[in-house]
Amino acid sequence: MHRITKITGYVAIILVVLSFNFFLPRLMPGDPLSFLTGAPGMDMPIVLDEETRAKLLTYYGLDKPLSQQFYDYMLGILHGDLGWSIYHNAPVSDILIGALKWTLLLVGTSTALYMVLGILLGAISAWNRGGKSDVGLLVSLLSIGSFPPFFLGMLFIILFSVKLNLFPAFGAQTPFMGYSSLLEEASDILYHLFLPATTLVISHIGGVYLLMRNSMLNVIGEDYILTARAKGMAEWYIMRKHAMKNALLPITTMIALRTGFMIGGTILVETVFAYPGVGRLLFDAVTYRDYPLLQGAFLIITLVIIAANFVADMVYVQLDPRLRHD
Amino acid sequence: MTEIKDLNRFWNAYKESRLGLIGLVILLFFVTLAVFAPYIAPYDPHEMFKPMEHPGSDHLLGTNDIGQDILSELIYGARVSLFIAFFVSVVSGIIGTAFGLLSGYFEMFGFFLMRIVDAFLAIPRLPLIIVIAAFMRPSIWNLIFIFIILGWPITTRIIRSEVLSLRTRNYVEAARMVGAPDTYILMKHILPNVFPLLVVRLIIEASHVIIAESSLSFLGLGDPTAKSWGMILHYAFVYPTIFISDLWMWWMLPAGLCITFTILSLTFIGYALEELVNPRLRGMTRI
Amino acid sequence: MTTLLEITSLRTWFPTRDGIVKAVNAVDLKIEEKEKLGLIGETGSGKSILGMSIIRLFHPSAKINIEGKIVYKGKDLLRLSEEEIRKIRGKEIAMILQNPTTSLNPVLKVGDQIAEAIQLHQRLAKRAASEKAVEMLKAVKIPAPDKMANKYPHEFSGGMKERAMIAMALACDPSLIIADEPTKGLDVTIKMQVVKLLREVTKQRSMLFITHDLGVAAEVCDNIAVMYAGELVEYAKTEDIFKNPLHPYTQGFLNSLPERGLKPIRGMSPSLINLPDGCRFHPRCDYATGICKTMHPEMAEIGNGHFVRCLLYDRS
């Protein structure tokens, strides 16, 4: 029952996002093409050639009634048709699929790292509350978390790429490099991943850390922690086995919500490091006012986040035996 | 009278937190910059001098690519960033609280509103802001409008869950029993009790808005007529030689640090306040 | 009989932001082998803290000030390192904490929660420890113990949870059990079953039985110590406490029982931060005289192992 409500919720959210994507360009003054060519306050006006203009017109289907447009739009989405990118002059879906693997790599690695580190450090901090390690962790993580991700990325480029020449400043791979082995390719990719992933981890670890620390401080006062101590269990064991699981329960959904923030950060970090993911595409789409691409990127990002929330729900049910039904 | 006494007690507890004091001092510094910008800034931020001037006695932090004094831009930038943050957090706080109180108090309304809140929270905030901002004319008021629209749901959810727990307290039950009107109970018994939580929320929302505003501006979606710190970073970032010359030291670094320290101050204040409000955190770690 | 545990001038204080909580003050107490000693007092009298102080059951970084001597089998427990006292906890001295619903970990199987202590103290393999855990559940008369060992606490009833707590305490065959309000919140039938079980399983051990339920204490205990505002005010054989209570507080406590007319003691128990001068009970005492406000009475033997801390009986 619980699961059905949840899934209905996800479907509803996807429908909301799709409708939002559909109506936003149509609600703007004029038709979706007029603001493409001369929106006020734009950095650069875009000159559309006849062919592209025709493609866009057919995509938006503006000559048809609104209900027909909506139906065609939804049908197109189901077939994977997200429109035509003005800037790249290619189907949006193709461009996005090419970029998605890089974003998933970047988001996946950093999410795994910042969650594990944040949860662990938060637990350790709370367990030593008021002690030197707690105060040190709290102050340093709150401080580094205050750097906006794009600024942190820029500082890293200056320090690690320009000054120390340790890591590449942009891209996901060395351009025009023929790899002689899979290992070489993998290490080149990891080499390029290092700075953007580190930037994301550092700017997001503080949030998870603080959630875990607060939740852990609540758990420390629970009676079952005393029971475990009365049995003679070691402190480290009690923290790991008795406290952490209970502390994670109330914050799984909040941590999942953080994936949303995290994706926001990815747009900025990919932009700074010219990392060829969906976030970078979103930035390009904004710069060149490539609206179909912009909306396609937004849709993909939303889907990734909904998937993350779905995973979090599954994890939550697995963590809490009171929710498990056999 | 009691309000003054309460404030005093609150301040006495607050000032025990070293983090909270540090945060307050930093925030006051930036607020002073913002309020007295015309008296502090050496030049009008729009005035143009010789472009790409290195730091010197005329221009302490040099000039940018179109010859504006960077220090003056920074000082006026405090106005833009702080004004947006303050305005948005207060207005979305008021809307969020009103909805939170109503939805906590009236069950049916609360149920439907929470579904809307869930939808808002599931959609990634920054990408959504970027998409909306990309379709709208970039102006401060448009940004403020978007931030308010996206800011209230979290406040509503927090206030609602607090109201739900307050509603079962004896004094609220008692007031209901003797037939006090709902509005009276909400204003007299519930609002004062959610207030501390709301203050924490406002501070955290302000820091979120500053991050979101600077991110948008950094991506080039800010108001070009009112330059915020994020906009300064945007123009610095798109300048071709920013990383390979020393330009970053006076063009990029100060603006980035201004954003960082403002967020830091709000984070510290928020943490100190949360320690006061959350009884479990209270009295354990006072730093 | 030999002494198993001897507490001398024990003091447990907690510094807090509002002041120092003086939870336990100059307590002397002895538990003989196989003795069942009742520790009785109102909520907030410091009796639970006294029990916890014996095995230092506090978070290592908590600011707690314990002084005095707690000699167990010739060793002063207060001089042991954290590592050494851990080997005593659960193995030599086990504690049954109050409120089984919150004292069992909701996300771990009950059997595992019992087995982990066995694994630790008896150095058994996981499998053998789990088997022993099932045996323990059987020993506390939980039906279908092998099935119940694989269940989570929320699948247990209140009485079964209490039995599981007892099984956990017995798991490593301790010499002393500290039971903190094990019957609180249970309905009468189940309470009597738990009391019967406790009596059965502690035949060969000592027990410090902390409770405010005098009726249960009378069933279980050989001797009773009465605690008020962080100190002991009376100590005697169980029989004597009931037949001949000396301290006005003990008398008041007995009179507040339903079968003796439900007469509550007037006033409220003092905060452990601001203890009254003189006799700590004088603000609520019907017999208080001027001297009670200034002079703090000592514990004195009235005869036949009956001790009381009250100026009414001061023969000097």
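By written order: A, B and C. Residues from 1 in each chain.
We adopt the following convention: a residue touches a chain if its C-beta (ideal position, glycine included) is under 8 Å from a C-beta of that chain, and two chains touch if they have at least 3 such contacts.
This is a predicted model, so every value here is computed, not measured.
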(message) Going by the touch criterion at the top, tell me which pair is linked by more C-beta contacts: A-C or A-B.
(response) A-B
(request) Would you mind checking which chain's C-alpha centre is most distant from the centre of chain B? (result) C
(request) Compute the distance, rounded to whole Å, between the mean C-alpha positions of chain A and chain C. (result) 53
(request) With chain centres taken as the means of their Cα atoms, state the distance from chain A to chain B in Å. (result) 22
(request) Pull out every residue in chain C that's touching 2 or more other chains. (result) none
(request) Send over the residues of chain B in touch with two or more other chains. (result) 286
(request) Enumerate the residues of chain A that touch no fewer than two other chains. (result) 129-130
(message) Which stretch or stretches of chain C touch chain A in the complex?
(response) 52, 55, 57, 59-61, 86-91, 94-95, 97-99, 102-108, 113, 116-117, 120-121, 152, 154, 165, 168
(request) Going by the contact rule at the top, pick out the chain B residues touching chain A in the complex. (result) 19, 115, 118-119, 121-128, 130-132, 134-135, 137-139, 211, 214-215, 218-221, 224, 233, 237, 243-244, 248, 252, 256, 259-261, 263-264, 267-268, 271, 278, 280-281, 284-287
(request) Please give the residue numbers of chain A that touch chain B in the complex, ascending. (result) 9-10, 12-13, 16-17, 24-25, 28, 35, 39-41, 43, 129-130, 134-135, 138-139, 142-143, 145-151, 154-155, 157-158, 161-162, 169, 210, 214, 217-218, 221, 257, 260-261, 263-265, 267-268, 271-272, 282-283, 285-287, 289, 291, 294-295, 297-298, 301-302, 305-306, 309
(request) State the interface residues of chain A toward chain C in the complex, per the touch definition above. (result) 127-131, 220, 222-224, 226-235, 241-242, 245-246, 249, 319-322
